[in-house]
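In order of appearance the chains are A, B, C and D, and numbering begins at 1 in each one.
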Amino acid sequence: MTIDVAILGASGYTALELAKILLRHPNARVVAVTSRDEEQPAMADVHPSLTGRLDLRCEPFDPDTIAAKAQCVFCALPHGASMAAVRDLLARGVRVIDLSADYRLRDPNVYAEWYGASHADTENLEHAVYGLPELWADEISKARLIANPGCYPTSAILGLAPLLAAGDLIDPKGIIVDSKSGVTGAGRTPKLMTHFPECNENVEAYNVGWHRHTPEIEQILSDVSGTGVEVIFTPHLIPMDRGIFTTSYAPLQRTVDEKQLLEIFRDFYRGKPFVRVIEHLPATKDTVGSNFLDVTVRVVRQRAVVMSCEDNLLKGASGAAVQNFNLMFGFPETTALL
Amino acid sequence: MTIDVAILGASGYTALELAKILLRHPNARVVAVTSRDEEQPAMADVHPSLTGRLDLRCEPFDPDTIAAKAQCVFCALPHGASMAAVRDLLARGVRVIDLSADYRLRDPNVYAEWYGASHADTENLEHAVYGLPELWADEISKARLIANPGCYPTSAILGLAPLLAAGDLIDPKGIIVDSKSGVTGAGRTPKLMTHFPECNENVEAYNVGWHRHTPEIEQILSDVSGTGVEVIFTPHLIPMDRGIFTTSYAPLQRTVDEKQLLEIFRDFYRGKPFVRVIEHLPATKDTVGSNFLDVTVRVVRQRAVVMSCEDNLLKGASGAAVQNFNLMFGFPETTALL
Amino acid sequence: MTIDVAILGASGYTALELAKILLRHPNARVVAVTSRDEEQPAMADVHPSLTGRLDLRCEPFDPDTIAAKAQCVFCALPHGASMAAVRDLLARGVRVIDLSADYRLRDPNVYAEWYGASHADTENLEHAVYGLPELWADEISKARLIANPGCYPTSAILGLAPLLAAGDLIDPKGIIVDSKSGVTGAGRTPKLMTHFPECNENVEAYNVGWHRHTPEIEQILSDVSGTGVEVIFTPHLIPMDRGIFTTSYAPLQRTVDEKQLLEIFRDFYRGKPFVRVIEHLPATKDTVGSNFLDVTVRVVRQRAVVMSCEDNLLKGASGAAVQNFNLMFGFPETTALL
Amino acid sequence: MTIDVAILGASGYTALELAKILLRHPNARVVAVTSRDEEQPAMADVHPSLTGRLDLRCEPFDPDTIAAKAQCVFCALPHGASMAAVRDLLARGVRVIDLSADYRLRDPNVYAEWYGASHADTENLEHAVYGLPELWADEISKARLIANPGCYPTSAILGLAPLLAAGDLIDPKGIIVDSKSGVTGAGRTPKLMTHFPECNENVEAYNVGWHRHTPEIEQILSDVSGTGVEVIFTPHLIPMDRGIFTTSYAPLQRTVDEKQLLEIFRDFYRGKPFVRVIEHLPATKDTVGSNFLDVTVRVVRQRAVVMSCEDNLLKGASGAAVQNFNLMFGFPETTALL
């Protein structure tokens, strides 16, 4: 069986990664890519690495055209722009995996507070499924609309979920999430902060205390925990292309050792093909180019120090999106991802 | 007045930086450099960037020879090796600035515990002054032996000292120090971890929970605070040459806002030429190549989030060493450092 | 059909890339990996990115054991060490793809001159096929021993072959090959030149005038040309993990324009799936992670300026090796490589 | 004696480097900086590394105001914009060091051809002195207008001048200049080509056959040679902040060996403090942060292979500008540059 798919927002890095994965997917065929570029460039001109591999031109987005061509759409539009397109596609019976933030926050008021605009599609928002297969594979398989998780949230949530699911093991109000991300996470639009001579040979923190992934992390971890979780989230920009390293600190409320904590992680992720619970300290490089998230934990002065790594464009975006696609259409979860 | 100085351990990065700064110093003359290399290479062969600038060969270390030539010695030997040389030089009346860890920990038992060997020069250890001029300029000016601070401790201590000096402002037992360092901090000896294709495009944590700078940070912050300070310290390796970014998290015990915290920092560092209390978020790049430490603070969910940046080889090592040298010999503190 | 294969010399980067490609290959199964490490570590401990993916321990090389297990061996041993192993394997009927330089130079005297040791397996040397599928696919399909090309030679040869095959188009004695390579090309053994703070933020040339890939380039281009080709080859080390960019300059002996030259390239590579003749200027990044070589040409002051790019570990090593494997065993040439 | 100076075009990298050097200069005082930014930001907000070091706001450029304040102006405006400002300043008696390309090409027709606009100040163009102190120190000392050389030309010219000055040693029509530059050379305005994830981990050539530094190199080398020199110039972008490595290939017309060539270089640069003729292969890193140009030469197959390195922002721009300033105002040539 082959599913015809379209990618909206073709010019960015997540679209490129989607295209590369889907070209290897035996059950998917990319039939359309869209962008706002009025010149409708060939996809291979937008992304020269696709030369000779994907013979499509970027077309303007039209819901009828896309719905006529594709059974499933990967939406890589910016937040705000995404919800208009998604609504029109769902209305035409297309299943959608949305990589923007538009359907991640359950409460439209929280969305409005953090994204500075009211939500324009609250009806579909209610039915969106948060696309973290390690937590909600069943819901994903039946979903018509997937809110694909943010790159930072994936690393933080998968690092902390086992601890929060384990009863009163850690203090849900005292969690610190210190993340280090490669520069592709900031997108493909040139700006001073990501101009090579500015961010090369440099580390800086940004959006300290008000990064938009904070409420997303808190919402999902509260779901897992059954109680209100609060995190302090600090993202840092690292001079590398890809990779997120997240170091999370959580006060332990019971006396446990590393061995016990690792066992909790192993139990939690048993049978999940893309989370590797490891004993050595992780390194982003061991996950880059793959859909794996590597995670381990240490105990230091009565705190759990969790370290989790992923490729922000794969497990943190496009890889996870295809993982969701596989679940939605009944393909083996790892198809095209190993 | 010109002080004749020698540099022990000439092959490393801190020695190179010392040489470069001292070549610009109007009151210092490098008269000898030592290394264990039996071929006694020219310093410019060890560090080609010094070609035409410093015409000295590396000689084997001999305390009598060095004491006959130099009034002050910068010791850039590894810990363990340093204390033997330092003791012999002090005995000959030479003043020493030791960049190793050998004289930083006041208690020889703590040294033995963290460095895995008993201290061989406890007599001089008693009189060593911790060379952080922002805290102990007076003691430094009279010292015969300076324990030059570690690179991570400088960033952590200068970031937290104002808060700990301000009475019961933060909880001294709940501090987290999450540091990100460039690769020069790991020294110049090739190993797999610092082999380019291993650490480029990579972030990893290392020595989590047992890095040797932990007791150093705790000792000095306890001095500042007047009470026992405990920190969780996590160092990360970042793919860049130089720079340390330290993000410290401290639970606030009183309600204060950012403005008040910044005022505390400004008061604390008034008149200190190399600490810049800034309002914007710092970036390591703004300090690299200089002796400045940039620091700012935010309040997030009742925690002070302090961010401090420095060049690990300058303010974190050789720059601080020359700053100490200036104080010891009565030169303006900023000589050769601006 | 599944071919059982072994990888000799498991600790290096080419072995890792071989493992990753072969894990995706529907007709290959990695049944053994060897290394000299006496502790016989798990492959996933040597290369943590393979965690959970390849459950093999490194075993010492024994020709009987390997021959009993594997029908085909990828030899990623250093030159010199390779020929002993290869000879023993061929004697036991195993087909071998050798990634070292041991079987690339047809004349044992040239080998001795450039590699500083006499050749120990001249018998098999005679029958080795140079594994550049764009030039010798037929010979490769029948070969029992493939000399897999060097990374620099692949980029230089594929860039210049169309011009040299076109009669008297360029002067075969006046060719300059200026190459820029990422650091993985220097292998995985730590040394000062590839220590991160030495080669990061740095460009340098090395082995100018006597790099061992020079006679390899000249031999193959002379084969293509039918006359003695001479090149000046200058390799440069670039601060990136992967990628070779080769700029070749060849004096034109006839008046042609770019369009004509591009047509010559297109004709030459028609039907070759991994060479992309492009009109825009190439960039290494567009080939990294793939088995493609991108090439274009310009005319400047009566010289052809050819620019060719590849991933040095894939098209320049392990990707080409699997391409050869596919041809040898009758699988489609692109299997596991797209 | 203190010279009051102004910097026009304050927002770029060359302006920042000028400010840093001039802050260390005992005989210069930066009294004004200009930019088009209507908000007139503080220089330390434009370049945070200057925080606490230079207390000036960017003002709009007004020739009367600047002429009233400054005796010498460093013009770091883009080409085209520069000549209008320079003309107005010269008319008011201010001496100018122009870092743009506007006064480098002697022939206004050549300027028009390569820069796509006719020259608007041909009167001053006639009297401009090309600011390469190693060639024209006398003229520089008397000049009222210096055309500061381009970054690539400095490396190519200083690498080839000794050979071209030596009679018929090399063929002046057969020279190839293959340059590799860090990204600061492309300026500080964000664009896709210099967006971190595009140029990091990448090498590419650009403007092949038509880079604007070509006529500049040819003009100056023709001056040196006394005959018309032609070069093929190929610039490449390298993922590093700073540094240019230029590899030049020139056909030898006489039989000479490396020793003799090195002697020619040493003779040519005797007494020039910033050119280091070395025997080992150069590395950009050994010159970065300094005003040195390192150069060496090899003989390969009857060609001189010259390798020259510099910091593109220092010897290739702002360092050379201050070197010119020193000569113009009678200060020792190395002031503030060592």
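Here, contacts are C-beta pairs under 8 Å (C-beta built on N, C-alpha and C of every residue); 3 or more make two chains touch, one makes a residue touch a chain.
Heads up on the chains, UniProt names are A, B, C, D = N-acetyl-gamma-glutamyl-phosphate reductase.
This one's a predicted model, so the numbers in the text were calculated from it and none came from an experiment.
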Select, from B-C and C-D, the pair of chains that is joined by more C-beta pairs in contact. C-D
Chain whose Cα centroid lies at the greatest distance from that of chain D: A
Using CA atom averages as chain centres, what separation in Å is found between chain B and chain C? 46
Counting in whole Å, what is the centre-to-centre distance of chain A and chain C, each centre being its mean C-alpha position? 36
Centroid distance [mean C-alpha coordinates] between chain D and chain C, Å: 39
Each of the following residues of chain D touches two or more other chains, namely 182, 198, 200-201, 239-241, 283, 285
Using the definition of touching given at the top, classify the network of chains in this structure as line, ring, star, complete or other. complete
Per the contact definition, I'd like the list of chain B residues that touch chain D in the complex. 23-24, 48-49, 51-53, 201, 276, 278, 280, 283, 285-287, 289-290, 292, 294, 338
With touch defined as at the start, can you tell me which chain C residues reach chain B in the complex? 13, 182-184, 188, 190-192, 194-201, 239-241
Where on chain A does chain B make contact in their complex? 176, 178, 180, 182, 198, 200-206, 208-209, 230, 232, 234, 236, 238-243, 245, 247, 249, 281-285, 288, 298-301, 303, 305, 307, 309
